[in-house]
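Next come two complexes, and both contain chain A; in the first it sits with chain B, in the second with chain C.
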Partner chain A sequence: MSEEEKKDYAESPINLEYHYTAGSATTRFLNQVKEGKIVGQSCPKCSAVYVPPRGSCPRCGVATNIEVPLTDKGCIESFTIVHIPIPGNPIVPPYVCAMIRLDGANISFLHLIQGIDVEEIRIGMRIQAVWKPKDEWTHSLENIKWFTPIDEPDVDVATLRFQES
Partner chain B sequence: MKKVAIVGYAQHPILENAGALNEVELIMPVVHQLFDELGISQNNIDFTCSGSCDYLQGAAFAFVEGLSAIQTNPPIKESHVEMDAAWAMYESMLKIQMGDADTALIYGFGKSSPGRLDSIISLQMDPYYISPLWPDRVSLAAIQARVLLEKNIIAPEQMISAVIEARTNSKNNKNALVTELVDKEAYLASEKISSPLNEFDCPPISDGSSAMIIASEEKANEFTDHPIIIEGIDHRIESSNIGSRDLSKPSGILASIEQLKLEKIKFDVAELHTQFSHEVPYLQSVLNLSDVPTNLSGGPLVGNVMMCAGLDAIGKTYEALKSNDLTNGLAHASSGPCLQHNMLVHLEKKS
Partner chain C sequence: MIQAGVIGVGQTKYDAKRRDVSMGGLVREAIDNAMLAANVEWDAIDAVILGKAPDMFEGVVMPELCLADAVGAVGKPVLRVHTAGSVGGSTGVIAATHVCSGQFKTVLTVTFEKQSESNATWALSPRYPYSPHINAGAGGYFAPFIREYIRRYDAPEHIGWKVAVKDRLNALKNPLAHLHIPGIDEKMVSDTPMLWEPLRYLESCPSSDGACAMVITSKDLVGSRDVAWIKGMAVRSEGTLSAGRDEVNPQAGIDCAKDIYDQAGITNPYKEIDCAEIYVPFSWYEPMWLENLGFCNLGEGWKLTDKDATAIDGEMPFNMSGGVMSSNPIGASGMIRFGEAALQVMGKANDHQVEDAKVAMGHAYGGAAQFFAMWIVSSSLD
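Now for the complex of A and B:
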């Protein structure tokens, strides 16, 4: 823009920095993830198991203070095939993002599915975590590279719906 | 008009830095404490309303996450104000007066430690002309302090007294953050942050939460023989354009005083949402509180949880009336720069 050109606007960028804290419950969870263990937390009232735990059972409004060790196996509760490349994302489309329901958990979390043609992926498919090498483990679920199908019969996801105890 | 009473109030210990505790983990204890004290649960609550500011957490819709602290199954009627929870109480009160609810749970929460409060608060200003200048909260308050001092509406000695008294009164509040006493010498030796304000004139960076339960008068009688009624409540807003305000003329508060007919009431106790020392003598004079014990809890100068401190003023007034042989209390909540918003709440204990 030349100096003579009239500028009828002003830019005022806003940058705010925060020291984000996960919360004491999620901190316990992430400390276990660092060791390659997935430990959910259970509600003392309704017994729902949360992974990853955020500190409370949002159904009952109480702290999830019971630790529940889980395996890294589960099933695909839902999924989507991503065809659009995201700038900076090293994964080449098409790839699959899935809601992973670990065995024994009552909520699912988002992760990648690899090791299978995307057209073959289906809801209810049994999967297991593929971990990064141990020396790369941090306080993050990214310690799991992705989930990959295992040779077990599919699960009817309708049976996973939370049952009031 | 249906009368509404406060039946319970709980405050989290005010922390300088709650560290790993997230907002949900701060809210749950105060809500459970209230429920336990009253022997009720979320199932007995008709309406739930919270006050918080997403900018404090640095995440859009962060207030929704706060709901994870509340039992939401079966589904609840719920609302939120992006303001101090004192305004969540106001909304809840209206809900009860309209006949939509008989009981309401109010909670406020805020962690000031994760971000830079000075920057965050400047974003509440007019986004075109003022926010881009990033005026910090202390400097804005200092402008008003300067005006009040220069017009001799308050005196520097009154600011010192406000600081010393707040520290002394902090012993009355087990949840206070700042309890260290301060004398005139230490005050005068302190460097100015933004003249005329030094660090003692300013509230501490605070993390915490508070909760309150209110109910229709009828319902309140089930909880207590001496309900504490919200006899009057009035909220006024001054211009958001700080340059067009006379910072020494509290026109909004004066209108509230008239509306609530406060000049006729002999108050026994008052709690003011005075974040800076100069605001204490200023409001005491505007509200004619010279003979009224004010901020016996220490007030925001000894613990100032953003989005809670206004509700805390109401809560502390409620507590003072409840545990003493007192009848009339005045609570004040504020918001915005230089006391832009002011809400006056007249509480009365029924004998």
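Now for the complex of A and C:
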């Protein structure tokens, strides 16, 4: 870049810090995550189970006030292997970012997959959470370091689609 | 309802860094071109509808306020629209709705993004509270949906390369396009680095600066001007974290397309629509949207792409301008689709004109593939 061009603009990094109020549904969920438990919330109308819960069912517009304890096992609904560094993101590529569908849940969330050669990762693969040491647990899904494959038969992801009974 | 038409489309030159203009200069470049094309003066403009994607893309909050002079909105009603990546489309729909309401005769609408002011991938990858910080921009978000599409329908990997080549070859016919890559072929695409598997560098859209504007007026004021009549328009959205949602084939997209086809009296889009500008920011979204929008049955989209149906001289041309794959000022990208569709039916698309195009479709999607905006424009009112 020439000196002439440099005069046209200046780079000025910004940092935004938020105070986040979790709300009652997420607070219930995170208090249990802090104890190493994953508890979804179910819609009283259509019975869909949300994890992480946001407090209401987008399908029915009602509060998900039924708590549903889940295990930390599930399957990979889909995934990508991220090869590029993302500005401001601490993770070093390549890493596997997967849509995790816990057993009994009707939506997925994003988390890491480790403990396997990336070439062997498949849609439908069974996985389980690997937790951080208990003394590091906080109110965050970061208590789970990553998910890792377990020796169980793959799931047909077409069967995961929620259908109201 | 009052019938409305597009009488002017104006675009900027798209580029990675438009450092020759401010945000105000950028939007004004598109507006001047639109008003010149429409042959209208400022006193004819009753309201200004402005759209753009997240304000974090430039780091300027509510820019419609500081841009009031640049967009000619001082003393006039102004409305800001924001529906993520679909915003260029929904802004067009909202502007046209103002005219159809009968409360406004002629409306100026403009959308823009000046992505060089910040870093869009950073802005789309914030740390969410109480979650691992692993999100990796739009590509990182959409790649798992694309992988599931490929798995579900056993699609071969060269389909993505093919779309990447076709759209960039079209861009060579469009002097405003950001990317001009002479000699691009499937080998060049497949040799580029993997970004978010299965997406490679050249299977992804660029990050662009640019703006697009349109002048929309009511039927009684069209006069002898060239016009693209709006025959159907709609927006739809669905809950991102809703149980039962199919991210590969979102219901909101299906419903939105059905709505505009019904309004326009279209029963077979593949036969009755002459060409379409469809929001394809990553190569695989062409076959995915071919299916979602009802141009073919599920699982058949990649086969249409494979047999060149979407080429500019094919049976169902997609993205004659080069599309989002060749120019992506995010907030404007949807309106560019809407505006390019209008240019086609006005016969003003120059070197990327589809011969005898009478009915065209503009489409935009955004967010987590849960916001949709679409319209059908036609050369005739009948």
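Following the convention adopted for this analysis, the second predicted complex is superposed on the first by the 140 of 165 C-alpha atoms of A that agree within 3 Å, B and C clash if a C-alpha of one lies under 4 Å from a C-alpha of the other, contacts with A are read in each partner's own complex, and residues count from 1 in each chain.
Assume a residue touches a chain if its C-beta (ideal position, glycine included) is under 8 Å from a C-beta of that chain, and two chains touch if they have at least 3 such contacts.
The structure displayed is predicted, hence computed values, not measured ones.
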Of chain B and chain C, the chain that contacts the larger number of chain A residues: C
Touching partner for A:Ile14 - first (chain B), second (chain C), both, neither: both
Which of chain B and chain C A:Gly40 touches, first, second, both or neither: neither
Partner chain in contact with A:Ala22 - chain B first, chain C second, else both or neither: both
Touching partner for A:Gln163 - first (chain B), second (chain C), both, neither: second
Partner chain in contact with A:Leu112 - chain B first, chain C second, else both or neither: second
First (chain B), second (chain C), both or neither touched by A:Gly74: neither
Which of chain B and chain C A:Ile123 touches, first, second, both or neither: second
Contacts of A:Pro149 with chain B and chain C, given as first, second, both or neither: neither
Which superposed partner A:Ala63 touches (first chain B, second chain C, both, neither): first
Chain B/chain C common contact set on chain A: 14, 18, 20, 22, 26, 54, 58-59
Chain C-facing residues of chain A, complex: 5, 8-9, 14, 18, 20, 22, 26, 30, 33, 43, 46, 48-50, 52, 54, 57-59, 77-84, 86-91, 95, 97-99, 106-107, 109-112, 123, 139-142, 144, 157-158, 161-164
Chain B residues touching chain A - in the complex, by the definition given at the top: 18-22, 24-25, 28, 31-32, 42, 55, 57-58, 65, 67-73, 113-116, 119-120, 123, 131-132
Touch list for chain C against partner chain A, complex: 19, 59, 119, 121-122, 125-127, 129-137, 140, 143-145, 147-148, 151-152, 193-199, 238-246
Residues of chain A defined as touching chain B within the complex: 10, 12, 14, 16-27, 54-56, 58-63
